[in-house]
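Per-chain numbering from 1; labels A, B, C and D assigned in written order.
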Amino acid sequence: MDLGMTPRVKELAAKVRQMVSEEIEPLDAEFEAEVGKHPSGDRFQLTDRQLEILDTLKASARAKGLWNFWLTDSDKGQGLSTVEYAYLAEEMGKVGIAAEVFNCGAPDTGNMEVFERYGSPAHKERWLKPLLNGEIRSAYVMTEPGVASSDATNIALEARETAEGWVLNGEKYWISGAGDPRCAVYIIMAQTDPEAHKHARHSMFVLPADTPGIEILRPMHVFGHDDAPHGHMHLRFTNVHVAPEDLILGRGRGFEVAQGRLGPGRIHHCMRAIGQAEKALELFCKRAMTREAFKKKIVDLGANYDIIANCRMEIEMARLLCLKAAWMMDTQGTRVAQPWISQIKVVAPLMALKVVDEAMQVHGGTGISQDTPLAAMWTKIRTLRFADGPDAVHRRQVARAELRKYSNEKI
Amino acid sequence: MDLGMTPRVKELAAKVRQMVSEEIEPLDAEFEAEVGKHPSGDRFQLTDRQLEILDTLKASARAKGLWNFWLTDSDKGQGLSTVEYAYLAEEMGKVGIAAEVFNCGAPDTGNMEVFERYGSPAHKERWLKPLLNGEIRSAYVMTEPGVASSDATNIALEARETAEGWVLNGEKYWISGAGDPRCAVYIIMAQTDPEAHKHARHSMFVLPADTPGIEILRPMHVFGHDDAPHGHMHLRFTNVHVAPEDLILGRGRGFEVAQGRLGPGRIHHCMRAIGQAEKALELFCKRAMTREAFKKKIVDLGANYDIIANCRMEIEMARLLCLKAAWMMDTQGTRVAQPWISQIKVVAPLMALKVVDEAMQVHGGTGISQDTPLAAMWTKIRTLRFADGPDAVHRRQVARAELRKYSNEKI
Amino acid sequence: MDLGMTPRVKELAAKVRQMVSEEIEPLDAEFEAEVGKHPSGDRFQLTDRQLEILDTLKASARAKGLWNFWLTDSDKGQGLSTVEYAYLAEEMGKVGIAAEVFNCGAPDTGNMEVFERYGSPAHKERWLKPLLNGEIRSAYVMTEPGVASSDATNIALEARETAEGWVLNGEKYWISGAGDPRCAVYIIMAQTDPEAHKHARHSMFVLPADTPGIEILRPMHVFGHDDAPHGHMHLRFTNVHVAPEDLILGRGRGFEVAQGRLGPGRIHHCMRAIGQAEKALELFCKRAMTREAFKKKIVDLGANYDIIANCRMEIEMARLLCLKAAWMMDTQGTRVAQPWISQIKVVAPLMALKVVDEAMQVHGGTGISQDTPLAAMWTKIRTLRFADGPDAVHRRQVARAELRKYSNEKI
Amino acid sequence: MDLGMTPRVKELAAKVRQMVSEEIEPLDAEFEAEVGKHPSGDRFQLTDRQLEILDTLKASARAKGLWNFWLTDSDKGQGLSTVEYAYLAEEMGKVGIAAEVFNCGAPDTGNMEVFERYGSPAHKERWLKPLLNGEIRSAYVMTEPGVASSDATNIALEARETAEGWVLNGEKYWISGAGDPRCAVYIIMAQTDPEAHKHARHSMFVLPADTPGIEILRPMHVFGHDDAPHGHMHLRFTNVHVAPEDLILGRGRGFEVAQGRLGPGRIHHCMRAIGQAEKALELFCKRAMTREAFKKKIVDLGANYDIIANCRMEIEMARLLCLKAAWMMDTQGTRVAQPWISQIKVVAPLMALKVVDEAMQVHGGTGISQDTPLAAMWTKIRTLRFADGPDAVHRRQVARAELRKYSNEKI
């Protein structure tokens, strides 16, 4: 169980770290500052400068061979193991737009994986290719406003079969990335067979984003932010037609596709959260060592040594657990690795929230202001505690795996 | 130690609760939605509709005799005890603009207290009177960007004495309310005697907000929000003149004024945070009882019963501690009550954050979206953990009070 | 809601405190050291010196009028309210045998309450009188080895009706106090009607401890200790006869008696636990202020200020919650007060464990040794987390009370 | 960074696990039950049956080649890496006497390491050889009653140089194993040069346990237990002579020896604590799946799924951190590995306490009784939070290592 950095990854990680801090970080704030400056006033239109920033950075990354790291075991990607990728994703987590720059951003990576594994040759040509090139973006359309989406069997958007294929009706929300005008394709889960067994009710479809009948009702806010231009959109589907060949894998197999898709996506979020925790701890230490109160360095006041130690221990443990889950995926496959993925899915966001919270606290007002990245980290990481399944559901999975050791019954 | 509701307060609380839910809550969202709609495009200008909402609600509150509750033991206020006020403030905490509607909002209450206790007759006439009438607003100008303001002796904005009075030079930030054009007066702490004993270095001044030389550099952001039109402004003072009669209490007595001001302010924040926790727990229960997953009500899944019980116990204890601190203030004065104020200052925001966090989690994505008040509660309460002194400083005060029981030495 | 000390209690508390520290504490260790020194070698026989210690102290307490405080609202006791009693019980909690010295020890107080409320005149004469005089002791016989006693409806010891009364068969364990040879009477819960509704299956009986057919199988150990001479015995009942007049309240009403008995007992344990936490925090502070390491007082190292503050805040809150639960009992009765009793039943032991744990830690090895009372406190308080109902059951009660606010359904 | 089980260790672990459960566990309770049954009445004399149990088991272990695993990289041991040993120590932790059976018990392993690294040929012949053969036992004599031993520079037992060698005077306590009559040799830290630099004041000596002038004052109690026959003794040294050749490594180098000794010892305790946590979680699951209350399996009540999941995640993370610390020791040496050893030294006992606590709670009274091993685990693991350095000192080390990344100053 080698969880360390391979020589190959050591070299790549150094390059990624350098590019993140030297090229991407300086432009990240400018990218953010451009939001809302499109002549149309539409916050979900990218400005010319935003497009330029992204194109320049992507070109630079690609030129350096820093591209599509997430695509494990494949000719198209770098053939890195998930363990290896973890070390790189951690670095990318430290700055907002970095993951996209290396073409490793959500939800595209998960969607590309769906196309790669389950897509038809036509899907691969039309969608996978430009996605791998970073030319278009995509969205994964699953969560719905009316039901508890933590239980995916609740998904209710209707897909009715017709002579020409399928017709979709219903609403979806929290569709991340659907605000971006570059988002060209959706992978959408819909209910095709409401009477079937709960794991056979749904099917997964490919849907061009400009298909008629799709309406953006509003952007969902994340702690008051619309996260433009990416966005988390609330969509309405009215008689939206899907071609028969855009059904993925087969009717009633939507749940299967969803499960296959989610493993890697979940762990990638965790890797990046660990990177953010590292960055927050660095900011904590630097602030505490340079600021003074009551005639002492802040680091020498109160419980700060204990807090720093606790942060270090929690980061260290979360990283090791993340690496083990990655190693399980690499060696046993996503299905067997599931309880470990659930473990890190619970652990990493909670840990990162704690570290960021402490870092904010030591900064006082600065910690929640625009003068550090901590405030944005705190609210963004908070969303991971229910995105891709709330903590409670993942804890349940871990417990069931544990209890199965002692029982022949189904648990 | 009667911590219960007096008959008088039972009646007032019912009226406040009713007005908050029936009159204020419905208009609160509209008030927020108006932000940024001023013809000038300036988010820090109130629109006509905003002014109308506030005026209507204030008039209604005043007509009902629901006004200036915070002003204890005084002819000008309601003469309520702090314990009594706690039950009312809790209700006001549940909706954003409610405290202002009853003329009980920060930072005005603290500033009015300064005028009441330490102001000259001229100060009372010019500033206290319109503040008590809710005609103007005010700001308290203390925190500075360059120093750890958790240690108030660090305050460094220079006040130089001249023939005509004082001249101020320096920067301040996180000046809450200074964005609002109705903010007419500042109470400002400045360093007059850098060589004096650390508690005699500072003086407190009254300063009309439109005095020349005051420049708004930028609004500080709270988790990415500018909190317009209230705002938390970063200000620069360049050769700002203060009249000699606008020195409060006396040269070198700024620290004393600051201490006297902070006790009530701190506990008012706590009372409102408890109200928010109550509201969050209510939302938790209602959501968990009506939403289903895995064929069960969410409340019957996972650890939800335990979570609800823990929230109830923590709210109950925090409220009792808050009431005891209030009772100490009422019976022993703010100075003796200090360690209890510090206790509740630590306890209430942490408790409220925990309850709101759980309520968010049970709501899934809805919990962090614009569809519930939880997201705004979470980020706003978070600021209380360092506003008016970070947790660490208050814990230190509590510990020192404890250790003094066993020592004759100065601790 | 007056939760303060009345003048009467202020005086009594001072007397109790003085007697505990001056008379009882010095003899407590000697009492403990006598365990096992009976000539028979039987650890569950009191030595002459043990009897002498108890008799002397009890006589002293009674002579001072410090007796039967727990008996609220009655001619036989002191007529204190539960709130008043709380302040006295806290003092008694600080030393092992103190509660018994003031005739306020468990399980006698609960049993006396059963006799007082539900006993026949003959029961009162034969058992209640000598118990009130501290001449005999008693046991409450409920928990069983074979079933989860957290759900009292599981109780299975059989009581079969015969012509001469009842015949008991089965096992009971964790019968506290049944080891003491002075224990003269049992109150025992048995199943009389297995087919009845779950709350009507059981009946409560009075049983002289020397009735034939009762066998002590073994003492149950508490973290390896037999707690002699008190003991927590595992008993077997073989054809044990009970007279018809020794059925309490009525057939099938055992559950009702049990519920009535438990409220006060539960809160008394909590009051004493709070006293122990106070004592532990005192030991913490004194140790930390006098011991040195790394050239500093220990109190000035690490997070000790924060730990002390947290302990103080948690004690303060638990005490207030305990007093509120007591006030609810006094003003609304045990039944309405139930959710508050459950709250403090969860909160007080957890809080006391935390404070004692921190006090142990600052003492290093001394903290777990025979040189401080901390080790014994830690293990004894730990038992309170399931005695009289485990935390989980009490949390469930609190949550149900909360949810009932929002539902007409039975929860 | 291979943290997995090597094929060699997989095989050894299976053998150890089998021997622990099939041979050792059945005799462990009998060994305990024999304590105090020596004809002399002396609890610190082993009975014939105790000796027989140990001899039989040791012979069996040795015959199977399950011996001296701890001795890494050496001809005398098995040459296992620390990572490999971790998997075996975990198994040994599950039953009280198991570590001794495999000759892997504390404090002998640490003492053997001192002899191996720093001992003279005569030391190796006289003491190391029989220790490696499991024929004698040893004690490590460091902690003192009068000073905070968390700061080893406080150690004050006097070693005065004379013409014939050294003379020791002073007291030591918590000398684990010194109660056992088979304990033949002490390694003792004494102050030789009180005026020297704090890290050069002490020297380490070898001392036959039967040297005149050594007096056992009392056994220290661990939560009321004397842990006979092993014991944790309080010793007085009166003019105890040490031969000049029994000074280890050199005058003033005691601190160095102590540091070298402690790394492996600390991590071994952690490995065993992880094994205990695993066992506790197993007991938790089995109990919760077989016991019923309120018509449900206990596992389906309350927060039990969440608790089980949290336990699994915490065990998993602690094990990984322990393995990483072991790997650091293997690859970088004890000195560089120090911050990682400190990390796991804090993490493992806290984690194990939490898991054991939850397991106790789900067992109700049984959990703290003689009917499960949980009560003994809980109190024993608690001692690890200050043995070999309290948590606070280890957290301080971790924080200092962290801060050093950002500073050139000495921290």
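Here, contacts are C-beta pairs under 8 Å (C-beta built on N, C-alpha and C of every residue); 3 or more make two chains touch, one makes a residue touch a chain.
From a predicted model like this one, the values you see are computed outputs, not experimental measurements.
Enquirer: Any idea if chain B and chain C meet via the same residues, over half in common, or different ones?
Expert: Mostly the same residues form this interface, as more than half of the numbers used are common to both chains.
Enquirer: What is the chain whose Cα centre is as far as it gets from that of chain C?
Expert: Chain A.
Enquirer: When the C-alpha atoms of chain B and chain D are each averaged to a single point, how far apart are the two points in Å?
Expert: The mean C-alpha positions of chain B and chain D differ by 53 Å.
Enquirer: Please tell me the distance, in whole Å, between the geometric centres of chain A and chain D computed from their C-alpha atoms.
Expert: From the centre of chain A to the centre of chain D is 44 Å.
Enquirer: Where the centres are mean C-alpha positions, what is the separation of chain A from chain B, in Å?
Expert: 37
Enquirer: So which bits of chain D are touching at least two other chains?
Expert: 302-303, 305-306, 392, 395-396
Enquirer: In the complex, go through chain A and note every residue touching chain D.
Expert: Listed in rising order, the residues are 1-5, 281-282, 285-286, 289, 299, 304-306, 308-310, 312-313, 316-318, 320-321, 324, 340, 343, 346-347, 392, 394-403, 405-407.
Enquirer: Help me check something: in the complex, which residues belonging to chain C touch chain D?
Expert: 143, 148-151, 154, 173-174, 220-225, 232, 291-294, 298, 301-303, 360-361, 364-365, 367-370, 375-376, 378-379, 382-383, 385-387, 390-392, 395-396
Enquirer: What does chain D use to touch chain B in their complex?
Expert: Chain D reaches chain B through residues 302-303, 305-306.
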